[in-house]
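Letters A, B, C and D name the chains as they come in the text, with residue numbers starting at 1 for each one.
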Amino acid sequence: MVELVLIPLLKIIVVLNATLLGVTYMVLLERKVIAWAQSRLGPMRVGPYGVLQPVADAMKLMLKEDITPARADKWVFTLAPILSMVPALVVYAVIPFGDEVHLFGRRISLYITDINVGLLYVVSVTSVGVYGIILAGYSSNSKWPLLASLRASAQLISYEIAITLTLVSVVLMSGTLSMVGIVTSQASQGVWYAFIQPMAFVIFFIGGLAETNRAPFDLPEAEQELTGGFHTEYSGMRFALFFLAEYANMIVVSSVATTLFLGGWLRPFPNVEFLSFLGIVPGWCWFLLKSFIFLYLFIWVRATLPRYRYDQLMRLGWKVLIPLAIANLILTAIVKVALA
Amino acid sequence: MQYIWAIPLLPGLGALVNGLVGVRVFSRRTAGLVACTAMGAALALSLVAFWQLLGLPAEMRSYDVVVAQWIPSIASATSDGARAALQVPWGFRLDPLSAMMLLVVTGIGTLIHVYSTAYMHDEPRGGVARFFCYLNLFCFFMLLLVLGSNVLVMFVGWEGVGLCSYLLIGYWYEKPSAGDAGKKAFITNRIGDWGFILGIFLLFWTFGTLDFVSIQRAASAMPIETGHFGVLSVIALLLFVGATGKSAQIPLFVWLPDAMEGPTPVSALIHAATMVTAGVYMLGRNAVLFSHAPMVLQIVAVVGVLTAFLAATIGLVQNDIKRVLAYSTVSQLGYMFTAVGVGAFSAGAFHLMTHAFFKALLFLGSGSVIHAMAGEQDMRRMGALKRHLPVTFATMTIGALAIAGIPPLAGFFSKDEILFRAFEANKFIWVLAVLTAFMTAFYMFRLVALTFLGAYRGPAWQGDAHGDRAVAGVDAHGHGAWHGPHESPRAMTLPLQLLAAGAVLAGFVGIPAALGGGNAIEHFLAPSFAVAGVHETAGPTGSPGVELGLMLFSVLVAAAGIGLAWKLYVADPEMSERLATRFASAHRLLSRKYYVDEFYNATFISGTMASGRALWTFDRRVVDGFVNGASWVTMFGSWLSGLTDRAVVDGLVNGIGNRLQQASYTIRRLQTGLVQNYAMLMLFGVFAFVSLYLFVR
Amino acid sequence: MITPTHYLLLSMALFTIGLAGVMTRRNIIIVFMSIELMLNAVNINLVAYSAQVQNLVGQVFAIFVIAVAAAEAAVGLGILLAFYRNKETVNIDEMNLMKW
Amino acid sequence: MAEAIAFYVLAACILGFAVLVVTAKNPVHSVVFLVLDFLCVAALYVTLGAEFVAAIQVLVYAGGIVVLYLFVVMLVNVKRPPEAFRAGGRHATLGLALAGAVLVEAAAIAVWSRLSPAAPASAAQTLPVSGNTEQVGWLLYTSYLVPFEVASMLLLVAMVGAIVLARKES
């Protein structure tokens, strides 16, 4: 009973809260970093150095009036944020944050579940996430959200292909679809796949940016032209849901990247003996660290790069990334067969 | 002698040339030249052949030439059931009889050709060529007839000469009378030929062959049908019918006088010398058959003598010079048949030859006269022409004497031969024959007297144009008005003189034994009949005295006839009129030829016409009725079927079509083009199958 | 206890619902979706029986069915777009060109 | 027990969403229900132990095909309601009735003639690999390689055809 229900429930609660908390402070972090990048201070009012700013935002969003535009498709309008939020959170079910730990005399694995199609699961769920955006843009019965949603869906589908192909090449290396299995295979092979799949790593990173509508691929919410993108008509909690979903997606992408390419909870260079003193640091710390680095990269890129034009985006996706991914896949297969 | 096949061929070639080319391009002279050369060559050939034949011993004077196979052997049944092969070669046979005929035909033919060149020189050019073409063609067929070694070849010639006579009689076809005469001759001959061809069939049926010699052999083996009327008699009778047709015997003699419508040379050649004697020749050829059929011989004799007598009587009163000659021809032919009838085949043949000479002579002479008189033929408008045409007068007188039987001319020997045999055979026949002889002498000299003696009764020259003949184109030869009677040109008188010579001399080949002669002709001809072993002894059975007496008697009779003629037509011509008025009825009867033509018209012609009309009516009424009825029935049936077609069949078809159309109108609504309808139909099928599976299972 | 018959009935019902959609709806896009439903019904059958008989061929077939469905959707929607560009309608009742 | 609950719940969801898909007035709603329906089907697959198919179902159907539908729906934002014109003689109700009848009959057949194969006709075939995904992959790349390639070719052709069809003539 405890094993079957209680512990997973606890895990889910912990993960969800952690995620949401992380998301809120992710927002603060982004604002701070961009401010610093632009030689500003960023939020300073709420709490020391504005550390309570997320709380204030949350309060504001929850207390704000929730407006539904006239002649909007009401319940689709309501469903859209949920459809975009749920997949983002569901993905966490298969993300291995760390190895097993001994707590209260129990061996507890630091992941909710480990299904043998974990990677496919991730891809599928994220691919479902696109509906939130499309339906939001459609249901709000306004031209900007519609355009934004169309752009977003096209963009997501396009880059999803590239990402999936890179994942396939990784799976070729690991020989399994299970996230844990991938990490363990990296441990057994003694190398992060980022080093033996650099191309896949790069493509996955760019694709991740696109998947999460981050700059420089943030056309769905290009403020200058679309006044906020697909959630222009949203406000209050439903807007918060979109917001959360986006940042949750960022975390998901970074977590997946960590898992696939940076060896998950493994310490750096797990096969180097004289670095074994790093072993005293628990694996989940390593995992959080790597994910944090990814998130920082996201913010950094946003602060650095200008936005792509739509056709450029598509050309990049279809004519550069996908061919590169395919080539990489074929190369990987050849090498693998040759080595085997 | 092996070239005898060329003898008929030469005139044939001439005819071909004249007919194909001459009619278009030849001048009168060329046409005549071609014809005459053909005939001359034929004559020369036949003379050579004759000479060679004489060179042979009497027994084997028979020469066969087979040019080609005509009818390859066709198996066919005969009377005795034995299957014989009907096999007919183009075979020619030269034996005494045919040789004699050959000489007669070629010789006289040649002379007449020569004569014609002058006689016809007033004809239009193409006409002349046509004339000579016909003439040559006639000679070709005649020679075929003569030389034919079997009945069929002979029959070809037979029909051919019939055709030619028709063509030549109708030579002036623009003259209706000429055309009619031609048709009359042809049709009358048809009747005879019908008998002839039946005879031929029966011959083959009986003997299984058509070759003369074979027939004679076979026939000689058969018994003589004295008592009964057997197959041989039937054959003989049929052949005789054919002969009567060709030789103008009772009852088929009527065509010959009308045949005088043809040009005179034609009359001379065909209707005096050659063709009309073909009947006699044919009988001679089949002598054996006839000698085996005594009853038929009787018939032949009676018919012959009756013909002779009647023709002579008619000849008494005729005024047309050519008609007189025509009737005399008929009567002379009667003589010949009488001879055959009494079994004196050689005598008949002998008379045939002599008659050919003097009758041709007489005809040509008359032609000369007509020519001199510019086409005038009526003797009552002549007279005293002696000084105008001396040659003609002389020659015709010789001819008249010959035919009258005045010794030592040709007619005397042959006719007395016949009289003698008739006397032996049958006194009645003899009496008639003698009377005929008397009349012959009479009318011949009546002719001579009316034509050459007495006062001139003809038209004055420079005078009226002789209209009727103008049409024929035989008027004053080409140039302007007629300037009196005048002697004919050389080309005409020469044949006359030659023939006159023939008429004088021809008799001497048959001097009877009674006169110390060897009767050469008889011995010569004997083989042709001898095969039959005819009971015809060369010498007379009677005593020479009787024969001499008979000769004397006949001569006296002839002289009496001549004297009477002189008395009536030279001494006092009125007497003849008186007689004519006294015996008007008889005169009319005779001048109307015993109304034979009228009789035929009334009976056969109109009968035929009536039957024809009847048949026509029958045809129109019944047959046409049937035909039309049938057609009407057919039409009605087709109309009905058409009706059914329209009503039923078309109705069915259209009905089906309409039903289908309406059905399609309704069914087309199924074809909505809406996918969902189709899907629903599929679903319906699914439903059906599921229900089946559920409930039937 | 859940027998394959349950899955069978489920797929039947799903199939029938899709069928009803095909039969009744006039918006061709929804008709397409109904067809997808029917395909899914088929897939349910395949997977259920493959689980029943411990044989994965059914799942393989299901995958093939999905591939074919993808192709069908792509082509069908392409046709639909072309048609819409010409006739400005997606009403299946106005698509009766098969009549001619 | 849990299996039964899961089945009935999922079945109810599947059928309910399917009915909504068919009956929804707004095509977009239909699409949404379709997605949900497919997700439920995927869950059903999971309960049947076909995780790979389930993942593919979500990935291809929910993530790909239905997005395509949604695109089309939004592209053909029809000026006039598509249901405006009604062609005669379509007999929609008859079709509906027939569908129902077929359902009833087939159900009767299924119920009364226990079509369920009693036991695994052929004992679970032994594959050198373990795990649903691996086994399916093994089958795809061994026994069903040719159909697999054919399917890929079909997809390629369909893609080209779709592009050609959807391209504006210019």
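Brief remarks follow.
One rule holds for everything that comes next: a residue touches a chain if its C-beta (ideal position, glycine included) is under 8 Å from a C-beta of that chain, and two chains touch if they have at least 3 such contacts.
This one's a predicted model, so the numbers in the text were calculated from it and none came from an experiment.
Listed by label, the chains touching chain B and chain C alike are D. Chain centres here are Cα means. That of chain A falls 29 Å from that of chain D. Per-chain Cα centroids separate chain C from chain D by 6 Å. The distance from the centre of chain B to the centre of chain D, each centre being the mean of the chain's C-alpha atoms, comes to 118 Å. Chain B has its Cα centroid 141 Å from the Cα centroid of chain A. In chain A, no residue touches at least two other chains. The multi-chain contact residues of chain D, meaning those touching 2 or more other chains, are 52, 56, 64, 87, 90, 92, 95, 98-99, 102, 106, 132. Chain contacts: chain C has residues 19, 22-23, 93, 96 touching two or more partner chains.
Working note: touching chain pairs come out as A-D, B-C, B-D, C-D.
For chain D in complex with chain C, the touching residues are 3-4, 7, 11, 14-15, 18-19, 21-22, 24, 27, 30-31, 34, 37-38, 41, 44-45, 48-50, 52-53, 56-57, 60-61, 64-66, 68-69, 72-73, 75-76, 78-80, 82-87, 90, 92-93, 95-96, 98-100, 102-103, 106-107, 110-111, 114-117, 120-125, 127, 132, 135-136, 139-140, 143-144, 147-148, 151-152, 154-155, 157-159, 161-166, 168.
Listing the residues of chain D that touch chain B in their complex gives 87, 89-92, 94-95, 98-99, 101-102, 105-106, 108-109.
Listing the residues of chain B that touch chain D in their complex gives 669, 672, 674, 676-677, 679-680, 683-684, 686-687, 690-691, 693-694. Interface residues of chain D, counted against chain A in their complex, comprise 26, 28-29, 32, 35, 39, 42, 51-52, 54-56, 58-59, 62-64, 67, 70-71, 74, 131-133. Those residues of chain C that touch chain D in the complex are listed here as 1-6, 8-10, 12-30, 32-34, 36-37, 40, 43-44, 47-57, 59-60, 62-64, 66-75, 77-82, 84-85, 88-91, 93-94, 96.
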